[in-house]
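Going by the order they are written in, the chains are A, B, C, D, E and F; count residues from 1 in each one.
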Amino acid sequence: MNMHYEDYEVGSTRRSIGRTITETDIVMHAGQTGDFYPHHMDSEFASRNAIGQRIAHGTLILSVAVGMVAGNINEEAMSYGYDRIRFIRPVHIGDTITVTARIEACRTHPRRPEEVGIVEEVLEAHNQRLELVMTATKLYIVNRSDEGTA
Amino acid sequence: MNMHYEDYEVGSTRRSIGRTITETDIVMHAGQTGDFYPHHMDSEFASRNAIGQRIAHGTLILSVAVGMVAGNINEEAMSYGYDRIRFIRPVHIGDTITVTARIEACRTHPRRPEEVGIVEEVLEAHNQRLELVMTATKLYIVNRSDEGTA
Amino acid sequence: MNMHYEDYEVGSTRRSIGRTITETDIVMHAGQTGDFYPHHMDSEFASRNAIGQRIAHGTLILSVAVGMVAGNINEEAMSYGYDRIRFIRPVHIGDTITVTARIEACRTHPRRPEEVGIVEEVLEAHNQRLELVMTATKLYIVNRSDEGTA
Amino acid sequence: MNMHYEDYEVGSTRRSIGRTITETDIVMHAGQTGDFYPHHMDSEFASRNAIGQRIAHGTLILSVAVGMVAGNINEEAMSYGYDRIRFIRPVHIGDTITVTARIEACRTHPRRPEEVGIVEEVLEAHNQRLELVMTATKLYIVNRSDEGTA
Amino acid sequence: MNMHYEDYEVGSTRRSIGRTITETDIVMHAGQTGDFYPHHMDSEFASRNAIGQRIAHGTLILSVAVGMVAGNINEEAMSYGYDRIRFIRPVHIGDTITVTARIEACRTHPRRPEEVGIVEEVLEAHNQRLELVMTATKLYIVNRSDEGTA
Amino acid sequence: MNMHYEDYEVGSTRRSIGRTITETDIVMHAGQTGDFYPHHMDSEFASRNAIGQRIAHGTLILSVAVGMVAGNINEEAMSYGYDRIRFIRPVHIGDTITVTARIEACRTHPRRPEEVGIVEEVLEAHNQRLELVMTATKLYIVNRSDEGTA
C-alpha cells in the first residue's frame, strides 16, 4: 500500500474485529515486562480491593489495541510515537475489546514541510458493553506525494 | 509502600538494571499483539531497507521499559496514562536497554484538588551505546496525605 | 529405536494419553501463526454464531495430535507429509482429546523400491465424549532392512 | 467479506509478506506440541546428521504458512481440511518463508450441490532462495449465492 | 546491594506478595519442560483420580517461589543449590501462593573458611488457605567482609 | 506402567536424548518466574563479569532436566521432593545438555513400612563437553506390591 500525506482524510475511520482479553494474555504480558503486580496477578488481592478482580496491564491493552488496527503496511508512513494515552476503565479477564482508529488531524511537519506531514490517528478501545476503556493518539510521519514536493 | 503526593520530589530519579532485547521478545510481542509486520519479523526484508535489520515494536520497548522501573507498589498512587511517547532510535535484536525514571512535575488535580495530585514521571530508555531510544511521560494520580486534606 | 519397513504391520495401533485443550493453547497458537480470527479469539462473536463458543484452530489440533503420538524416535523413518486431514467436529476450550495412530498401509516406493517403502499411519483424535474430531494420514518413508535390499 | 462459491476463480492467486522462522518459533512449537525430537531441539545432534542443523517441525511450517495467508474473513466459507501436504525441503533457523495461495479447483459438493461448493486452494511456501519447502491443499466449503440456489 | 556473610542474621525473614497459579502457568511449564503428564494436563484424568483436579508441576512451584523472593541482587552472594525440597500439598489452578524466606543457618565454608561462608535460607510457600504447600532450603556462598578476612 | 517398590533396582540407569538450552528458554523462564536478574537477561552486564556471558537460571536447568527424564508414567510412584541439588557449572545459551537418572537407594518408609518404600534417583546433567553441570536427587514414594504387603 502506498498512501501519501495528501491521501489521508480527517474523519476517516477504521474499525477492528473483536478480541477477548484472556488470563493468558495477562500472564504472558507479566512475563514479557516483568510486571507481576498483584493487581494483575493475584486474584485474592484483587478480590479484596475496590475493583474486585484482576485487571489487565495498561501496556497490554495499548499493545493489543495498536496491533488490532495495524492493517496493511503503508510504505510511505512511519509511526514515531503516541500522545495522550488514557486508561479510562479497567479491562478484566474475559472482556472483549474492539478498536476504532480515526484520522484526527493532518499537519505540516515543522522542519521538513516540503517532504513529510504529520498524521494523528486517535485509537479508541471499547469493551463488550460499548464502554470506552482506552484512548490514545498515534503519530505518523508520512511522505508527501511527488507532486506535493515539486 | 505508602508515598503521598507531598512525598514526591521533582528531580528525584530512579535507574533500572539493564535488559537485552532478544529475538524471543520480538517474536513473543508479535504473537501477543498480532503485529507481524516485516520490519519486525522478516530478516530478509529488513536487510534490504534503510535500517538494515529487524527492529523491535514500539509497544514492546514501551512495555518493557515501564516494567523495568515498576519498582515497589505504592498503595497511594494509580497510573492512569501516558503523554508524549517518542521512539527516537530503533532498537535491534541484541541491544541492551536501561531505563531512568525522573519526577518531572507535581501538579494539582483540576477537579479534586483537596484529595489527589498528579505526578508526571519521565521515562528515558537508553541503549548500550548510551543513545536515547525512547522517552515517555507516565502519569499518576496520587492521594494527598491526611494532613494535606485537613 | 530401529524399525525397518518390513517391521511395520498393517493394523497395529498406538494410543496416546489425554490432553485438555486450553484457552492458553488457543491464544498461543494465534500468537504463533498470526491467525486471530474471531472464531478462535472473540468470545462475544463466538457466542453469537451457530457454534456458540470459541473453537480451536485446525492447525492447533493437528499439531498437538501429531505431538501426542510422536513416541520414540525411529532412526529408519522420515516423515514427509500428510494426506486427507479432516476436521470433523469443533474442539472447544476445555475439551480433552486422545489420539490413536494405526498403520493403515505399507506400499512400495515408486522410484526407490529396493531401498525404502512408504508407510501410512492414520491418526484419529477423539474428544472426552468419544466423538471423532479430526482424522489425518501421516506418511513416512522407511528404510528397508539390509536383508531386503540384498 | 462475503464471497460466494461462484465468486472464486480458478488460478487467482494471493501472496503473503515474508516471515523469518526463528529458534523461538521452534522452541515454542515444541512446547505447544510436546515434540522435543533432537532434529528440532538438539543442535549437537543436528550438526552430526546429514542435514547439519536443526530443522523446523513440519506442523510448525504448515501452521505458520496457513496463518500467513489467512487474509480477511469470508463469512461464506468454512475450512474443513487439507489434502496432500508435502515437506519438500527442510526449513532451518533463520530461513524466511513466503506463501502463495492459488485457487486450484472449484467443484460441486457431492451431497449438497444446490447449497455449497468445494474450493481447493494450493498453498506453496518458498524460502529466501526461492526454493519450494512445502505444499498443501486447503479445502473450503463455500455457500452458493442466493441466485445460484434459486 | 552488598551484603556480606557477617551481615546475615539467623531468623531474619522476608515475605513476598501473592501470585495466583494459573492454567497458563501450567501449560507453559509443560511446554518449557516437556512434561505433559495427565496429572497436569488432562482435566478428565485428573477429575477421576484421588486429587480430583489438575495439579501444578513441582518444578513450577519451586521456580515461581524462588522468583517471588528473588529480591534485590546481592553482589556478594552466589546461589549454588538447594536442599530438602518437599511438596507438602498439591497446588491447583487458581490457588494463590505467598512465599516467606527465612535465614536458617550461617556456617563456615569447609574448604575456604577465610573467604566465604554458607548461608541457608528456608523458603516456605503457602496457599490462600494458609496451608504450607512447599518448603525448600536455598544455599548461598557469601563473601566475608574485608575486615573478616584480615 | 506399573512398577512397584520391589521392582526398582539400585544402579539401574536411564539416559535422555539431548536438548540445547536456548535464549528462548531463558527469556521464557524469566517470564515464568519473574527473575530478570542481569546474569540471565543482560548480555552487556554478563560480558563484563567473570563468567563472560549470560547463564541459565538454576531452576530452568532443574526443570528441564527433570522433564527430560520424565519417561513413562508409573501409576505406583509419586514424586514428593528433591534433595541435594547442586549447580556445578554454569549453562550458557547454546549448550546442549543430556541427563542420566540412576536409582541410588531404596529404603523403607519410616511410618508406613508395609505399604510404601522410598526410592532415591540421582539425576545428573552434562553439557556437550561431558562436563557435569547439575546434580539432584529425586525422591519417590512407591507402593509395595500386594505380595509384599501380605
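The definition used in the following text is that contacts are C-beta pairs under 8 Å (C-beta built on N, C-alpha and C of every residue); 3 or more make two chains touch, one makes a residue touch a chain.
Owing to the predicted nature of the structure, the values given are computational and were not obtained by experimental measurement.
Trainee: Treat touching chains as neighbours: how many steps, at the fewest, connect chain A to chain F?
Mentor: When the steps are counted carefully, the minimum from chain A to chain F is 1.
Trainee: Hey, how far is the Cα centre of chain D from the one of chain F, in Å?
Mentor: The separation of the two C-alpha centroids amounts to 38 Å.
Trainee: Report the inter-chain centroid distance for chain D and chain E in whole angstrom, where each centroid is the mean of the CA atoms.
Mentor: Computed value for the inter-centroid distance: 44 Å.
Trainee: Hunt down the residues of chain A that sit against at least two other chains at once, touch-wise.
Mentor: 17, 23-25, 28, 32, 34, 36-38, 73
Trainee: Taking chains as nodes and touches as edges, what kind of graph is this: line, ring, star, complete or other?
Mentor: Topology of touching chains reads as other, fitting no named class.
Trainee: Which pairs of chains touch one another in this structure?
Mentor: Chain pairs that touch: A-B, A-C, A-E, A-F, B-C, B-D, B-F, C-D, C-E, D-E, D-F, E-F.
Trainee: In their shared complex, at which residues does chain C touch chain B?
Mentor: 28, 30-32, 34, 36
Trainee: Report the residues of chain A in contact with chain B in the complex, numbered from low to high.
Mentor: Touch list, chain A to chain B: 25, 28-29, 32-35, 37-38, 57-60, 62-64, 66-68, 70, 73, 79-87.
Trainee: Taking the complex as given, what residues does chain D use to touch chain F?
Mentor: Its residues touching chain F are 23-24, 27-28, 36-38, 41-45, 54.
Trainee: If we count contacts the way the header does, which residues on chain E are in touch with chain A in the complex?
Mentor: On the chain E side, the touching residues are 17-20, 22-25, 28, 94, 96, 128.
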